[in-house]
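Multiple structures are listed underneath, in structure tokens.
You will see two complexes here that share chain A, one where it goes with chain B and one where it goes with chain C.
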Partner chain A sequence: MKNVDLSTTAVRELNQALHEQAKQLTEREWAVTHPAGQHNIAAGVDEALKIDIHGHAGYYCAGMNKKADVTIHGNVGVGVAENMMSGVVRVKGSASQSAGATAHGGLLVIEGDAGARCGISMKGVDIVVRGDAGHMSCFLGQAGRFVVCGDVGENLGDSLYEVHIYVKGKVKSLGSDCIEKEMRPEHLQELTELLARASVEEDPKAFRRYGSARQLYNFKVDNAHAY
Partner chain B sequence: MSKNPPILRESATFDRLTIQEIHRAAETGIYDIRGGGTKRRVPHFDDLLLLGSSISRYPLEGYREKCGTDVILGDRYASKPLHLKIPITIAGMSFGSLSAQAKEALGRGATIVGTSTTTGDGGMTPEERGQSETLVYQYLPSRYGMNPDDIRKADAIEVVLGQGAKPGGGGMLLGMKVTERVAGMRTLPIGVDQRSACRHPDWTGPDDLAIKIAELREITDWEKPIYVKIGATRTYYDVKLAVKAGADVIVLDGMQGGTAATQEVFIEHVGIPILPAIPLAVRALQEMGMHRKVQLIVSGGIRTGADVAKAMALGADAVSIGTAALIALGDNHPSLDEELHKIGSAAGFYDDWHEGKDPAGITTQDPVLSKRLDPVLAGHRLANYLRVLVLEAQTMARACGKSHLRNLDTDDLVALTVEAAAMARVPLAGTSWIPGQQGY
Partner chain C sequence: MCGIVGLYLKNKALEPKLGALFEPMLLSMTDRGPDSAGFAIYGDEVPDGTIKLTLQTQDEAFDWKTLVASLEKKLGQPIDWFQNATAAVLKTKAPEADVRTALAELAPTVHVMSVGQSIEILKGIGLPTEVTERFTLKKMKGSHIIGHTRMATESAVTMEGSHPFSTGADLCLVHNGSLSNHFLLRQDLRREGIVFETDNDSEVAAGYLTWRLRKGDTLAEALDGALQDLDGFFTFAIGTRDGFAVIRDPVACKPAVLAETDDYVAMASEYRAFATLPGIEDAKVWEPEPATLYVWERN
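For the complex of A and B:
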């Protein structure tokens, strides 16, 4: 295992070393200590590495991740795993706003709470939040699965496209064009598998499903009140 | 004595166009959407003149003495800045709004003359990357098709905060152009009216932007230049904030700059022309000691080599063209007049680019129409046009005694109108008066 102490090593040096693993893999397991809320830690990784960050990370931790399995043993700032393509990012603490923004693939697990706009414009990622999620979560969500085991703030799924949303707790309000939908067997199976993959123990039957009403997909004068 | 025919007086306030628009709005209940930039007359480069030389200045021989045209972009922080042969780049336009053939043609034309082209709100296509020697990858609020592999394939990254036709507005691609391929690249259902976000999803404000730029640099190992594109509005402040956030290059787009589709009212009533915006940007850069260190690319209504020369004399390092490039490919060509009449327009007027019916095969996703555009031929047309722009600009620079286009400056300019003098901050022709600069 390679140990990198960010109290003595710059984030730039760490990221360069991680990126070079995509060219020649010499060390698969990495432990990062003393992150001290620094930004852009492990951004742009492109190899199946196992990276453990011991402490709190700042903005865009594991941004644009591909293939890597990144665990943050603390809280994270804005945009954790933004635009992730594949791999797994797990936050042991809570995440600030825009977690998993625009992410195309992979799995993001937030074991604490997620701030506002979690999953904004998500494009295929799977997101599981064990705690609560903030307002405007899944805003403009395009594809993927979004699971919240706690409560969700205002305007969940506003202007939603094809994301499957599952919430166990209370939803303060639904955004434009987001509606509650029937939980059919295939959805229960999908949720069961996703919770298992996220190592989250919850009863899938306790969740409700939400999705797009698809009424705002095209301009209609009668829908002007929705905006 | 015969009776004179009545003289009908048209209202200046309620002219025929206004009346037509009120009727259209009353019948449809929705605003008008079109492509392009502002059509209204605004102070522009036509309101400036270059002075040339006589006794007080010494001209260069037009056909003998060299006038350089190259430009380096992005050497503030990037380890691999761009070195273009000419200071005229192709602006960002999406695959989706344009056909794949048009994107390929833009790449071919730009490559022939040694300049860059730019992706748009829809990701990078293989056709475009394959034919563009130098390709700038736009990083937009929607992040459609955004992925780290394409970022690494790009030669520079352009963080788009706005464009001149619609500063503060998001992109728009109506359902008729959201085909299977376009929808797939954008992860959208086929046929939806795609309305892009106007704000980036994971940052707000200039302090966040600095961190976002740092992230993009980290992902690309500090190799690629990072541009920041803004629509011309509160330009002085926006430029200062972009520089502070770490931009290598500022791209400034005036209200004449085109869009693929936006509300007509937005295009005509939001933002400012490029003429007053350039001096605002230059002043901001100069005050920060960053003029020529952070390069300034300007766009919005560049048509001729004279426009290029005047923009550079005002302080730009390069210009960018979009609408003019599409015209060079064949958009609105007179040979299409009959077909354009069939869809309610005419050659020289066609701006319903969002409908995807362009008989030129440029602003369409219709496979039959798209095939009409030969990317090789169209690329050569664009290259020819770019060569003419350069030759024209060089001609004027030599006449001003300049051995490189970058040496043009505001001393080479005068204004024809008080408004242009005030906006461009150059003297009114025949006077030494720059309105607002000498106490009156």
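For the complex of A and C:
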């Protein structure tokens, strides 16, 4: 186990040391202390490391993550796991806005609440929020699964493409082209597997499913006069 | 970009340490705003019938003593005062309008930063650490304080253009964001008699609130109006005599985070501004909802 104290080591040094593991995996487990809300902690990691951040992290924590398993024992700022490719990012506290933005793969678990625009433009990541998620969540979501165990703010899934959305609590409002859909057996199975993978104990049957009405995919000639 | 921070003490025993608790919060926002910084501190209240004015000039060698003597003569009222670096705090029973008229005549280069019974606004250009040291923030006492670190995007880096902006007696505003309709709004507000010193968009937001409050709106009504009439991005922190308020625009893309314990309520652009606060590990920490007003005030 390698310990890095961010009150005495710069984030840049930490990230460089993490990137150097790509050549030769000499230290698989890392513990980061005193993050004090600093930005870009463990960004761009591209090896199967296990990284524990003890405290609150700032913006873009574990951004662009590939393969690594990153746990933040605290809250995170804007854009946690943004553009993640693979691996697992787990936030023990709450996440600020744009969590998992544009992420292509991997699993993001937020055990507290997620702020606004969680999963904005997600492209294949799976996101599981144990608490509530803010407004404009899953905006422009293209692919992947988005699960919220609590409530969701306004305009969920606005301009949605193909993300499967599952919400247990209340949805304040649905965004343009997002509709409630039937929960079929294959969806229950998908959600059951996802909750298990996220280690979140919830009854899949208590969730409702939302998805794209696919009405915005093509230009409607009836609207031509508007331009 | 800009950084905003606020600290409201629920526990009166912490009041002597307000400046010391707040200084690291403001300094932690330096890379969000290295151009200029400022703060509005509330405390050292004057009794009803007396007003407190904070004046500031860029001239470090300014002769405050002579100015105060001339003011006393002109106003026919004694003035209790002290100097703090490039600022001076004056306490007098003379009416505000008379003081302003006399000041404009006697010292046109002196700016009135704030007027009220509790507020003192101190601000200037330079790194936040230069500004806090200039005014010895860490030794200041008070009940609550809001501050700002500025990264100017649309108007000049000047003392007048830095935040907080006064919006009336004991009221002030700090802003993170940018307004897109400030030009037209400024013209409208000028017709209503609001005076602007800069081309700054945030000053227009402050002028807007001043105008609404002058018309008799409550703070909540004025801020509700701001949600309708201001076009752009904003997170505002508003200092009042009894506390502070926080509001974000309906899209809420400018960051804000709040923390509350039994001892205090803190707000900041980013969590790291809280890292040095006592008991923050166990604080309730959350992000304010869009278009929702949050207010903490003493009863």
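Here is the rule we use: the second predicted complex is superposed on the first by the 220 of 227 C-alpha atoms of A that agree within 3 Å, B and C clash if a C-alpha of one lies under 4 Å from a C-alpha of the other, contacts with A are read in each partner's own complex, and residues count from 1 in each chain.
Basically, a residue touches a chain if its C-beta (ideal position, glycine included) is under 8 Å from a C-beta of that chain, and two chains touch if they have at least 3 such contacts.
This one's a predicted model, so the numbers in the text were calculated from it and none came from an experiment.
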Touching partner for A:H135 - first (chain B), second (chain C), both, neither: second
Partner chain in contact with A:G115 - chain B first, chain C second, else both or neither: second
Chain B versus chain C as contact partner of A:K66, first or second or both or neither: first
Partner chain in contact with A:A36 - chain B first, chain C second, else both or neither: second
Which of chain B and chain C A:G87 touches, first, second, both or neither: neither
Chain B versus chain C as contact partner of A:Y161, first or second or both or neither: first
Partner chain(s) touched by A:G211 [first = chain B, second = chain C, both, neither]: neither
Touching partner for A:G175 - first (chain B), second (chain C), both, neither: neither
Touched partner set for A:V78, first chain B, second chain C, both or neither: both
Partner with the higher number of touched chain A residues, chain C or chain B: B
Doubly contacted chain A residues - partners chain C and chain B: 58-59, 78, 97, 117
Chain B residues within the chain A interface of the complex: 28-30, 142-143, 146-148, 151, 174-175, 186-189, 191-193, 197, 201-203, 208, 211-212, 214-215, 218-222
Chain C to chain A touching residues, read off their complex: 28, 252-253, 255, 257, 270-275, 285-287, 289-290
Complex contact set, residues of chain A against chain B: 11-12, 15-16, 19, 39-40, 43-44, 46, 58-60, 63-64, 66, 78-79, 82-83, 85, 97-98, 101-102, 104, 117, 120-121, 123-124, 139-140, 142-143, 161-162, 217-219, 221
Residue ranges of chain A touching chain C (in the complex, touch as defined): 36-38, 56, 58-59, 75, 77-78, 93-94, 96-97, 113, 115-117, 134-135, 153
